[in-house]
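What follows is chain A paired twice: with chain B in the first complex and chain C in the second.
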Partner chain A sequence: MAGNQGGVTRRQEYEKRLRRRSLFVAASSTLAVLLAIVVLVPRAPGWERVQQSFFNAEVIAKTFPKLLNAFLLDVAIFAWSAPLIAVLGLAIALARDVRNPVLYPLRLFGIVYTDIFRGVPVVLVVYLIGFGIPGLGLPRPWNSPYIWGTLALVLTYAAYVAEIFRSGIESVHASQRNAALSLGLSGADAMRFVVLPQAIRRVIPAQMNMLIALQKDVALLSFIGPVEIFRQAGVFKSLLANFTPYVVAAAIFLVVTVPATRLADHLIAKQNRART
Partner chain B sequence: MKLRLENLRKSFGDTLVLDDISLDVAEGQMVCLIGASGSGKSTILRCINLLEPLDDGAIWLDGQDIAAPALDPQPIRQRIGIVFQSFNLFPHMTAAENVMLAPRRVHGKSRDALLPEVSALFERFGLGDRMDHYPDQLSGGQQQRVAIVRALAMNPEIMLFDEITSALDPELVGEVLEVLTTLKREGMTMILATHEMDFAQSVADHVCFLDRGRIIEQGHPDKIFDAPTQPRTQDFLSRVLRRR
Partner chain C sequence: MSLRLSVASLGLIAGLAASPAIAAGDCAAGKTLEDGKLTIATGNPAYFPWVIDDAPEKGEGYEAAVAYAIAAEMGFAADDVVWVRAGFDESIQPGAKSFDFNLQQFSITPDREKVVDFSLPYYTSAMAVVTTQAVIDGGAAATLEGLKTLKWGADANTTAVPMLMDLVAPDSDPLLYNDNTDVTAAIQAGQIDAALFDLPTALYLAAVVVENGAILGQFPADRTDNPDQFGLLMEDGAAIKTCVDEAITALTASGKLAEIEATWLSETTGVPVIE
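Right, the complex of A and B next:
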């Protein structure tokens, strides 16, 4: 019974000591690195100038409210793109899984679609659709860069999202589908009620990562017109001859994407734990 | 005959897995298929349920050839229940939802309409307090009984059981075999692929010994187990029976 007084085993005591030690080492090394940065970087010969043009407190105060306001447009574009991407992505994934020969064109379309939109850089799709379609001389509001820019994002992201859904569908064991069919369910019902619910649950963490990427890529629409945060920062940069607005924009992005990334990592870790 | 298998033949690639299988199953009969792993027991069951296509031969269900290649398998499968070795419950649904899915979708019944019938089934197989549990909250024996209930909820005319106790801990086998005895008493027509020799001998009406895709010997269980005539049957039985 030695070492077991107070409910703490020898092993637990040892691990506690080990934890305390590694915590101390980690804290002191982090502190050392931070200290080095704070002390050494300002000694660099160009620091004054860098600080003036990238971390200018005056510019931050002046531009922050407007940048934050412009960021709301990013959020809005993101908010209406994401559901469209989810629906289209799922539709493409299902199209690639079609077995009926009559619907083969649908399957072929799914394959060609994912090949094309995963193969072209997003910014090119944004340019081609964002400038190309309004160039047809459509009447208002159909010449709006919001619509066509959003479409470009939706088309591109749906291709990636479709592939993730498909990998999820394929990860559900064939015995599940067979069990559903053996009960007399149709193939479509087996997919809808048995395979898809399991597949979607499995790919949620991966799709979270797509959402984070989408949130950032909304800034690409600045190339075709909408004054969202990146373009607004560019306007300020020209106006004030200072790069600080870009740093502010980056900081605003981080405030949203870092928690989202942490959440995605947490979901992945939870899923891995559940599997083992 | 309720079900008649006529000269079934099937191969996977170059391997012949079913070689001229013929078998008659009368209404209310329990037929046990025995034999080593890979002898074709499971394949026969999967072919009857149309989960595997046959290369040749016919399967007559009430005089209809259900193995005809152009036939829509869906209505046939509704008449034939199958239970698998690995349960294959749907893990994202509770036990009750597992059982209700097919009657809801196929017969268009509502949950409320199904509830009395489904609760009665759960109750009958000792699962009354397990309806709202998810599969991973149930023991293997309970999961397998839910799988049986799920198949029964479609009111099948024939039940197929594919080594349904092989994945269970020994102490849970009894509760599942008990279900089979109950079903037999109620007159269900059943075909089992099984390694439970004692059970086959005491409960089955007819036993088939399979070896490399062929039925080597078949007949009443007392004849097969006590006086097998074929050397391979004798050999197989002496190996498995010595172990118990």
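Right, the complex of A and C next:
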């Protein structure tokens, strides 16, 4: 367009018309669906009770401040877990990539580690580490559920993150490593200065998805005691016999996860454009 | 206040009725989920000492026995009682219920009454503090001041949470768990010092489940604010409610409820009272 400011070609005009038309169709079909939901759902005989149970304004007003406060704990756990996961995940990925035969046990460890922690339900790991290790007789504060719950999350997520890093490392063509070695770089330097910068950049969108998943799984720590937003919502649910607090909690979560998801989508799209 | 009044008036009615069983049997006719059957729900699993061995159909355990006594009072034979399992969430969901009434230590609260119906209370519970001998040896005392400094835990799905905040108001935020099993695991792991339960549950946990478990003390059942009263949970506006209430009133008046309590709930008088 920029190069053709004087006039618009017939083709461009046609495309513009087409675009406008599809925009109109999309808008009206969306509107029709929304209208159908807004008009039809409240006419269902049980709607009033459902509304009372899930979208109760009184309950929202009563529970929102405390839920928002509890959400800060989710944010905190997320904030200290994410860097640990990145570091451990990268370390495991590198362990799986060692080529020196002497270090084969390290490689084996990487394989066994990812196999086990990707295969076991997170909840089990949280219980096992969160209750099990403190149960061995650690004194306070070293038996804190925050410490061991975080470790459980980090161990599990590091396994997934490591696999993503590994796929990134393997996506860098072997010729680059060979070229770096032939220039006189050591193996470690080749990895550090040639392979990793490209590998990490390539897997950033995939890692963003892990971050979004982690944001939600932080709530699993509540199984071993910490009162984060979903636990707080559960307490309200039980006291008020109403599911609205969960809806409020989900809404608070969405405020954070939706922008994060959009950012991940944007990064993936950008990467795809760069590739083509 | 209004609850008290209705208890009194219902007591009067039950006292006047010559044969409450037959009268109640008529009362429930056509009002149950399935004609001629009484569908009763309990938790999955149902815990000791409320239901023994998670087998309510045997009628053993306080709540199982109460359920059969109420059924008999309403004119249902033991064979006509059908047991189903329904947790708290299923019980408060909007829409039709899978049971005529549900009993699993549901505390009656005004907020819950807005969504479901409760019968008259069939049990009023003291709340008790479960801890370990090690914590007591460490100097924990059954005084309010001493309790405040402990690290507390509770089952998140119970009214123990607000009671803990009201009665004790601990210095540090309590940790909350999904069920009894997780609370006891946390006590065992030393992550919490103490947890608040209804007294019968507390006695069982301290004696059987928690290693070196102990009861630090109890908040008596007849405390003025916030008594923890268990009621049968029914669908909002359930037609059967009046029949159930009549039956409970009759059982209370005849001393049958107290008798069942003496049979199934352990002696609770030996537990020191927290002032």
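As a convention for this text, the second predicted complex is superposed on the first by the 270 of 276 C-alpha atoms of A that agree within 3 Å, B and C clash if a C-alpha of one lies under 4 Å from a C-alpha of the other, contacts with A are read in each partner's own complex, and residues count from 1 in each chain.
Note that in this section contacts are C-beta pairs under 8 Å (C-beta built on N, C-alpha and C of every residue); 3 or more make two chains touch, one makes a residue touch a chain.
Keep in mind that this is a model prediction, so the values were computed, not measured.
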Clash or fit, chain B versus chain C on superposed chain A: fit
Partner chain in contact with A:Gly110 - chain B first, chain C second, else both or neither: neither
Partner chain(s) touched by A:Leu181 [first = chain B, second = chain C, both, neither]: first
Partner chain(s) touched by A:Ser238 [first = chain B, second = chain C, both, neither]: second
Chain A residues touched by each partner, larger count belonging to chain B or chain C: C
Partner chain(s) touched by A:Val227 [first = chain B, second = chain C, both, neither]: second
Which of chain B and chain C A:Phe131 touches, first, second, both or neither: second
Chain B versus chain C as contact partner of A:Ser144, first or second or both or neither: second
Touched partner set for A:Gln198, first chain B, second chain C, both or neither: first
Gap in Å between nearest CA atoms once chain C and chain B share a frame through chain A: 49
Common interface positions of chain A, toward chain B and toward chain C: none
Touching residues on chain B, where the partner in the complex is chain A: 49, 51, 73-75, 77-78, 81-82, 84, 86, 88-92, 101-102, 105-106, 150-151, 154
Chain A-touching residues of chain C, taken from the complex the two chains share: 88-89, 92-95, 109, 111-112, 114-116, 151, 153, 156-159, 161-162, 173-178, 182, 185-186, 188-192
Contact set on chain A toward chain C in their complex: 46, 49-50, 52-54, 131-132, 134-135, 137-140, 143-145, 222-227, 231, 234-235, 237-243
Chain B contact footprint on chain A (complex, rising order): 175-176, 178-186, 189, 193-194, 197-198, 201
